[in-house]
Structure formats: C-alpha cells, structure tokens
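The following blocks contain the structures, represented as structure tokens.
Consider the two complexes below, in which chain A is the common component and chain B and chain C are the respective partners.
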Partner chain A sequence: MHAVLAAAQTLKAPDLDYFALAPEIVLTAVLVGILLLDVFVDETRKYLVTQVAGLGLLVSLVPVVALAANGADRSMLGGAYVVDNFALLVKALFLATGYVVLLMSSDYIGEGDYYEGEYSFLLLSSLLGMMVMGSSRDLITIFVALELLSIPAYLLAGWRKRDLRSNEACLKYYLLGVLASAVMLYGMSLIFGATGSTVLRTIGREVGGSVGEEPIVTLGIFFIVVGFAFKVSAVPFHFWAPDTYEGAPTPVTAFLSVASKAAGFVALLQLVYIGFFGREEVWGPLFWVLAALTMTVGNLVALRQTNVVRMLAYSSVAQAGYILVPFAVAGSNPAANATAQTAALVYLLIYAAMNLGAFAIVMAVARKTRSAEISSYGGLFTYAPGLTLLMSVFLFSLAGIPPLAGWFAKLYIFESALDAGTAAAVTLAVVAGLNAVIALFYYSAVAKEMWMRPVPDGDTTPIPVPPALAAALAFTAIVVVAVGVYPQAFARLGDLAQLTLR
Partner chain B sequence: MLAATKVDVAVFGASAVIVLAGAIGVVISANPVHAALSLVMTLFGVAVLFVAQEAHFLAAVQVIVYAGAIVVLFLFVIMLLGVDRRENVAREELRGQRPIAFLLGIATIAEFVLLTRGTSWVTGAESVVGPASGPGANVETLARSLFTRYLLAFEITSVLLVIAVVGAVVLARRPPPERPEEPEPLAVPERLHTPQLDDAAPVPATEVPAP
Partner chain C sequence: MSAFLRGYLSVLVFGFAAVAMVGAMLGAGRLLRPSRPQPQKYIAYESGVDPVGTGWSQSQVRYYIFALLFVMFDVEAVFIFPWAIRLEALGIFGLVEMLIFIVILALGLVYAWRKGVLRWV
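Let's turn to the complex of A and B:
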C-alpha cells in the first residue's frame, strides 16, 4: 500500500492547456447539460433541449474564435493534441455545420414521432468527436475521435425506428463502418509496429527515413487509407452511402453527407500531410485511382436516379471524388502540395454550405409533397418561387457554374492538379472536367422539372417554411453566393490553415 | 530487445494455432453457441500471447473482460433469441460470393507473406511493459501511460460509454402504448363541487368512465 502511495506522488500530471481545450470542454458541458435537461422537461416542451443545444454550439464557437484571435499554435500530450489554425478552421466548420443541421432538424424531429432530447445529445456528441478529430495528431486519438463521431451517427441513421428502410440504413452503415474501423485499426497497428510511435510527427519522421522503405509500412498506409475511404464514401467503398442516405431521416442525411465526410477528409489530411508524407509514391497512385473512380461512378449512377435524395447521395459520392483530386496530386512538388491542401480545405467549406442548402430545400418541399421523387418537384416555381430559386442556386453551385461558390471550389481543384504538372495530374484534371459536364445533366434535370414542368397533382398551395429551416436556408444561401462573388475570403482561410510538414 | 528463445517460439506457435483454430471455428460453426465457445478459445490464445509479451495486465483483462464478460453476454443474447436456431450455412446469398472470397483471401495471405518477408520490426520503443508485481509493475506503468500520455483519448472514451448507454436505451425502448382518450376522471368531481355558470355545455354523465 505504501509503495503504491509513494509511487502515486511521483506521477506528474500531464501539462494540459485548458484554453486550447476550451471548445471541447464547453461542448462536453453542454452535452451533459442537455442530457440532464431532457430528463426534467416534460414531453410538450422538448424543443427547449434543442434550443439549449443550438445555443451551446454557438457558445463553444466563442473559444474557437478567441483561440484564432490569439493565434499561437498550442501542442500538448507530447504532440498528440495540437490546436493550430487548421484545427481551429475545421472546428469552426464542424460547429457551423452542426448548428445548421440542428436548425434544419428542430421542426422535423419535433413534429415526427422521435426522441428529441436524445437526438440533440447524439448530434452534439458526434460533433465533439469531429472537434477532437480536428486536433488529433496521434493514431490513438484519431481512432477514438473517429469512433466518437461514428457511433452517434450510426444511431441517428436509424432514428426512424418504425421504418424498415431506416433500420436498413442504420444496420448497413454500422456494419460497414465497423468493418472499415477494423481495417484501419489493423493498418494503424502495422504503422505502430514499424515506426514504434503513435504520434503522427514521429511517424512522419520515421516514414520519411529508412523505416519508410519497409514493405509493411506500405501495407499500413494502404489499410488506413482504405478505412477512411469508407468514411468519405469513395468508390469502391461507397455501397452503404445511397441506402443509408435514403433511409436515414433527411437532416441526418445532410449531417452524414457533410460533417461526417468532412471529418474523414480532415483525418486524411492530417495523416497524409504529417504522417505519411515521405511515401507519396504509395498514397499518390492510391488516391489517383480512388478520385477517378469516385468521380466517374458517382456521377454516372447519379444520372439514372429518380429520387432526389438518392441523386444527392450519389452526387455527394462524386463530390468526394473531386476532394480526393488534391490528395492524388500532392507531393509532386512543393508548390502543388501547398495549393492541394488549400484546395481540399476550401472545397470542404464550400461543399458543406451548398450540400446542406440542397438538403434543406428537399426537407422544405417534402413538408408539402411528402415525397422525394424528382417528379414531385414539377412546377415548383409556380407555387414556391423562392425555394425554386434557392434550389437552383444550390444545384448549380454543386455543378460548378459561375459565379456561385462551387465554381470557385472546382477552379481551385483544377489549379492544384495543373500546378502539379505531371502527366497523371493533368489526366486527372481532364477526368474531373469531363465529370463536371456529366454532373451538369442531372443537376439541371431537377432544375428543368422545377421551372418548366406542370405541377403533377395540380395542388398549388404555397409551402409553409418554418423559421428555423428558413434561417438554415438563408445562412447557406448567403455563404454560397457571397463566396462565389468574393472567393478570396475562403482562399485566405485555406492558406492560413496549412498543416506544417514535419 | 531480447532474442527469441526456443521456448518463446514454441509458446508463440502453440498459441497461434489455438487462436487460428478458434477463429476458424467461429466462422464455420453452424450452431451459434459453438461459435461463441470457439471465440473463447481464440481470446484465451491471445491472452497467452500477451503473457508471452510480458503484458500480464492485458492478459488478465483479456480473460476477465473478453473471455468472461463479453462472451457470456453473447451467450445470453443467443439463449434469449433461441438456442436451437441454426443458420443455413450452405445457402449462398450472392452467387459466386464464396469462391471469390476464397481467392481474395488467398491473394491477401500471399501478399502478407511477400510483404512481411524482409521487414525488420522496430517494436518495443514505446512499450509499457513492467514486472508482474512490485514497484514499477505492469499495472502501474500502464496507468501512468493512460493518465499522462493518452489522457485525452481515455477521457473521450468515457463520453463514448455515455453514448452507448443513451443509444442502447433509444434502440431498445418501446413507445408507451397509445392510450384511449380518457376524459379526465378527476375533472368531473371538481366541476361538481364548483359549478361554473358560464359553462356552455354541462358535462354529460356518460363521459365519466366506468371503473
């Protein structure tokens, strides 16, 4: 006993920087708070929980802004947890996405037969995992953050408990997600076995040196990238995405297709740029194949969809392909590598706004038509001109038509590929260009339906849009239009948030 | 790093065979109880491997938590769902799935063997191994590592457990059955005591539910 006590005194507490951890601490406090609040408010006043959750998200944005204003890079736990500009930018992105999703879902969840308090709790805990992911620079922290963001997402996908399709969505997402986690964990164990460290910076040093030549490192990198390819639904690991997106409640689909995907890309950025940078001959071709396949298959299958949610699901698969392009071309020369990082980040920010906006419109229209079939959008202009205009803005932004934000995002992707200048990179740029043309077909098919076709059932009563959903629409639309007109703002953010190599 | 002795190799070989045999048993057993018991075999083999690596604490936890608690939980579920249910293993859901899976499995094994040949391992650099007891013991070293270096991951895991509880409740809870409209039996006597003159419609007697 004495021996144990004597030893206990020698334990030096780890040096925690509470200011750097403040966003996560605030969010955790809000999480616990809403779980308790949910117990004490009665069934008719559950909307209070959602309101407190939304307020909590805004409050945890305060320390993020304060840290950004402070500007210093903070590192703790031996470099396993780092708060730098990159981490702050993605944390702000996740919090804003979470807030918009909460705005979108408050009426949807409140009106349906769902558990409201637990919904907010799980949404926020998934966001907490994403926030941690933004700062994780260590394999174990990355893995735990990934589980923390995934497990609530599995549950949310099955939130419509009495709907078989929602059950299928939940089960498919869960089984494939767990399989991906297992594959990734195996890759991580191989990397740890070869380099003897879980900290990305040390791994980066070792992989850049003689250890990187070991074949086992190649295998480890391969497995980890495959694991995250599941998360970002890259072809050929995308099979869960359309069924899960269709079966899950629509706000959850929006959350999965934006926030969950962004978290996967954030982890990939950190792993590739800090951990595996020395072996670009391994991950470069891997990302090239993933990007080309994901864009092409996603767009071609999206062409044939008759349901707008499935169409958006395949469109989001294709969009992930565009974000993979900078990964494929990074590492060919230093200039390309900086542009590639900015391009991926800027695309993530813009994609979040335009995709969330498109899903918000789908939800608004479904309030009246109770359908997500593209044919039910016929003549939308005659009775909901505002929604039609906004939907067209979001769709053409996704397609990359100037002067909307999506155009600028695609431009940056092409620039990163052309900066790299190698034959492979230019070929990939050509593939991306062809895909942008294919994508225009299915996006404009919906637009044509809305503007030119007659109303299918002749019912032209206007669609009531609740204020929260309207706020979500206004916010995303402003971002899409403003960034399209003044793109330098996001480009500057992307440049500031570069991950430093080594 | 210590060189592997013959005993080490023998222990590794024996437990590797146990682990693999158990794993194959889990996959090929038609009876779920047999599969669960094969899993115990695998987990015991892994525990032996941990002991061989001097990770005594992990070995104990492996036996107590995995082979003990988790497999027992599996067995509970199997018993609750009906122990006599057998899966028809012979049926193929997807045509040609098995031969393809077999070929891919062989290819993966071949790939592993090719890749691991000539790899020099650098393990042991950051291991948290200590003696089985006494000062600086295994448990203490592990705790030190858990509460300093991996503190944040450890704390996040606790949030994960809360999520698991909430998730289990949400998935398992049944909504309360829809009650037929009850015309508030308490309200009627109250009204009788304090009759309100401006009540347009007096409460009909039929609204009082029969006990």
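Let's turn to the complex of A and C:
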C-alpha cells in the first residue's frame, strides 16, 4: 500500500483521444444500459435486453466506420493503445461476429430456462475485451484484454447449468484457460525482465538488437506463444476444445470457435509482427511445428467423428492450423511478411463467416431433431432443401472448394507459403495441401448424408426457422458466396490493414 | 549447431531444470522425513475438529456473495487511495473518471439487490 501511495505522487492525467476510444465507450455504455434494463424489466419482457444489445452492437459499429473514414492512425498512452486500420478491421470483425451470434442465440436462449439478460451482458463484455485486444500494443493491455474476453466466455460455456456436459465444458475451459494465462504471464514477465518495457514497439527494438540474443528472450517468446496456442486450440494444446465445444450451448460454441479464436490470432499477429519480429528463428520453427501438427491431427481426428458439433470442433482445430501457416513462413523475407499478414487476416474474416453459418445450420436442424449426430442429418434435402443447400455451401467453403470464399482463403495461405520460398515453407504448403484433401472427406460425408440418405425416423415435417436465425444464415451465406465470387474486396481490406512494423 | 537449436537449447535446459528442481525437493523430503504411520494421520484435517458425519454435508452458500461484494468494494478502495492523493492535480478529469468507476462498480450492488441476493433468508 505504501509503495502504491508513493508512486501515486507522480500520477498524471493521461492524454486520451475520445474519438479513438469511441467504439469501446459506446459498447461500455450499452453494457451498463442492458444490465440496468435486465434488472428492471419483468420476466416476460427479457427479450428487450437482447434487442437492445443487438442494436448497441450496430451503434458501436458507427464510430468504427467513422474512424476508418477518417483514416489517421491514433496512438495513446505511450504507444500502448493504437487505433489503426488493423485495429479497426478486427474490431469490425468482432462486432459483426457478435451481432451474428446474438441473432443465432436470441431464440435459443429465450426458449431456454436460464438468464436471458445476463447472457447478452456477458457476450457483450467478452466482445469489449476483444475490441480492446484489437488495439493493444502493450503486454499489460494484451493481458487485461485477454482476461476481459475470457472470463465471460468461461461462464457462457457453462450456461446450461443443470447439464453435466455443459458443466464439464465450463470447467475444462476455465482450468486450461487459467493455465494458459499463467504460462503466458510467465513469458511476459521474462520478456519484461529482459527488455525493461511492456510496450510492444520498444520490445521489438530491444529484441531485434543485442538483447534478443539472450536465452531468456527465447524462453519468454516460447512461453507466450505456448500460452496463445492454448487459446487458439493448436495441437498439442487443443484437448480442451472438442469437449468444451460439445458441452457448451451451440451459439456459445460458435462464438468461442470464431471470435475467441480470432482474438487469440489478433494478439499473436501483434506480438509476432511488432514485438518479436527480430527473432524469427525462434518463433518461425515453433509455428511451423504447431501448424503442421494442428492441421494433421485436427483433420485426422475429425474423420472419425459421428457428432456434427464434435466434427466442427475438430475442423476448427484444423482451420487454426491453416491460419498458423502464414505465421510459420513470415519473417523469411519482406515480401513474404506482407502476404503472410494479409493471408492470416483474410482467413480469419472468411473463416468467421463460414463457421458461424455452419453452426447456425446445426442449431436450425437441432430445433427439430434435438440431436447433433451426423446420422440425424439423413434425408435433410427431402424436407429442408434450403438448409441443405446452405449447409453444403458452408461445408464446401470450409473444405476450400471453388468458387466459395474458403477456397480463396486457402489460396492466400498457399501464396504466402510459396512467396516465402524456403524449403520449410514449401514443405508446409504441401502438408496443408494434403490436409485439404483429407478435410474434403469428412465435410462431404455430411453432405452425402443430407443429399442421398433416407430420413432416419421418416419424419418429414419442415423445420421452422425463426427470423433471427434466418437473418444470421442469410448474412453469413451472402458473405461466403460474395467473397468467393469477388475476392479482391477482402484482399484489399487485408492489404490496407497491415501492421506497421517499426 | 544452427541458430534455432542454439535458441531452443535454453528452453530444454529450462525444462530439465524445472523437472530436476521438483524431483530434488520431493526426493530430499522423502529422504529426510521420518516415517511413522498412525491411524489418526489418515483422518481428514478439519480445523482441528474431529470430522463428524459424511463429507456430503450442506453448508450455507450465501456467505460467498457477501465475500464477493466485500472484495469488490475493498478493491475499489485500493484504487481510490492513490487517486485521492493526486486529486488536485488530476482536477475535473480525475473526478469524472472516478465517478464513472464508482458508478460501474455500484451497478454490481444494484444487480445483487434486484436479484434478491442481499436478503438474508
């Protein structure tokens, strides 16, 4: 206490740029608003909370667009908080993802027994953490953002609190999340000890210089990357993911597998491209091994799944492996750096759309069949042709079949590996190519079930799709098809949003 | 030896040192401690009181809510002290920021109150 009070003598009011903080301020105001709304409306009108939350997400998108139109890079708190094109792009991604998840979950949560108001509140808190993550260029800010986005997510995973599987999902996610945080924090303390700074830009300068040769820096980088490998569920740190994804409520699974994973990759991009850039011989091979293992194990295990949610869980592990490929090849030459960064960003954007879409279909089908077994998808075409067509679009996009968006995302990944041109990078591209072929098997197995098999129980009443879920499906499907047809738009976004290195 | 292997040698050394440290401490403990097993030592230690009944007894859950609320306002005080020392220099900005901080924390109390947590049933 005494030390804190002594240090307080030098506290100064920070220079805050309120325009740059506007998206976060609006989102915080919405959070406060929905918490108050939740405690003061009566039980029958809780749906209002979800509606205000959805509206609030759209309103916080307005300052993001305004900042993008303004175009200037803004830096605060000695470079710890930066709002540039990269930050704005990922903030828009998180807000859009949050909105789609809210659309998907409004009926699901409303029909369930539990806490409708708190659900939106926690979802938006987690999104606020992700928004902060997009701007954080400082180890402490990154850590605070990570905790802010993780802690509500732990609670969301255990939302069906009388369901044992949901409890298991929550507990596993929590324990491994905390373990990952501890490992990461240890790495951060080592990096801070070696460089004397928590600001990524300063760390980048120090690590690129003579300090980078110290073994302690290698240890620090290693622990931080391992910590984030837990977060993005890279093999061999993936074992929590399938159980958590299966046990958590399906909209929460969609949220975890898209937004939470994207936040991990955003943090990795910032750390690798700004903080650790001078030491690519440390993180390059580490990412190479993680990428190769993650793709291969994810795809091979997905082959054996009989439950759609578990299959999508392993598929999302495998997709994380593809996103790790650009990390593994970055740093070998300047041209490859730019492509690698664009490739990772573009893949994140496209992956968000196609994975959310696939989970929305799973939810729609489960409304009727109450099951997520692949066999329950038999003959879906005979009674729900629209859903079947959309599911096929999402699955083949995940598999990377042209002319859908996922094909373009994979193309960019291969381009980044070939641009790097080293033997290791080309080998990794070959591994990724083989994996794309394996992945096609299990995605098309579901498609075959839907189009060709008979209906298992002979019940062919059509599936009622509530309007909110239909809107989520339409939005994701339009993105997947439009980007596949006109990929230049997303590539341009990715190019604009380059992180400036020094 | 390539730069990569040299870099990761430190990770390996670190890993071995960590495992060796734990092994050495457990091993030293095993060598040094006397071993005199008695039946009383296998009873679960429960604040010095002999355990009565089964392990599955119910206890009041409502205490933890009060503990949480206490921690919340305790942490609030930790932030207010340094702020109070510099209040004059921080001026209106500091006042407004602290008010926002307190209001957001007080929301937690409002939430607890509306959900009926504060009633002692």
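FYI, the second predicted complex is superposed on the first by the 490 of 502 C-alpha atoms of A that agree within 3 Å, B and C clash if a C-alpha of one lies under 4 Å from a C-alpha of the other, contacts with A are read in each partner's own complex, and residues count from 1 in each chain.
Heads up, the rule we're going with is that contacts are C-beta pairs under 8 Å (C-beta built on N, C-alpha and C of every residue); 3 or more make two chains touch, one makes a residue touch a chain.
Note that this is a predicted model, so its numbers are computed, not measured.
Which of the two, chain B or chain C, is in touch with more residues of chain A?
B
Taking the superposition on A as described, I'd like to know which of chain B and chain C A:Ala489 touches: first, second, both or neither.
neither
Kindly classify A:Gly193 by the partners it touches after superposition: chain B alone (first), chain C alone (second), both, or neither?
So A:Gly193 only meets chain B here.
Answer with first, second, both or neither: which of chain B and chain C does A:Glu281 touch in the superposed model?
Only chain C; A:Glu281 stays clear of chain B.
What is the contact status of A:Ile151 with respect to chain B (first) and chain C (second): first, second, both, or neither?
first
Of the two partner chains, chain B (first) and chain C (second), which one does A:Leu58 touch, if any: first, second, both, or neither?
Neither partner.
For A:Pro215, is the partner it touches chain B (first), chain C (second), both, or none of the two (neither)?
A:Pro215 contacts both chain B and chain C.
By the touch definition at the top of the document, which applies to A:Phe40: first (chain B), second (chain C), both, or neither?
In the superposed model, A:Phe40 contacts chain C only, not chain B.
Which of the two partners, first being chain B and second being chain C, lies in contact with A:Ala335: first, second, both, or neither?
neither
Where on chain A do chain B and chain C both make contact?
4, 7, 11-13, 35, 215-216, 218-219
Could you pull out which chain A residues touch chain C in their complex?
On the chain A side, the touching residues are 1, 4-5, 7-9, 11-13, 32, 35-36, 39-40, 215-216, 218-219, 222, 279, 281-282, 284-285.
Please name which positions on chain C make contact with chain A in the complex.
Result: residues 3-4, 7-11, 13-14, 78, 81-83, 85-86, 89-91, 93-94, 104, 107, 110-111, 114-115 of chain C touch chain A.
Which of the residues in chain B end up touching chain A in this complex?
Checking each residue of chain B against chain A gives 111-112, 114-116, 118-126, 134-136, 140, 144, 147-153, 156-157, 159-160, 162-164, 166-167, 169-171, 175.
How about chain A: which of its residues touch chain B in the complex?
For chain A paired with chain B, touching residues are 3-4, 7, 11-14, 16, 28, 31, 35, 77-78, 80-81, 113, 115, 118, 121-122, 125, 128-129, 132, 138, 140-141, 144-145, 147-148, 151-152, 155, 158, 161, 193-198, 206, 211, 214-216, 218-219.
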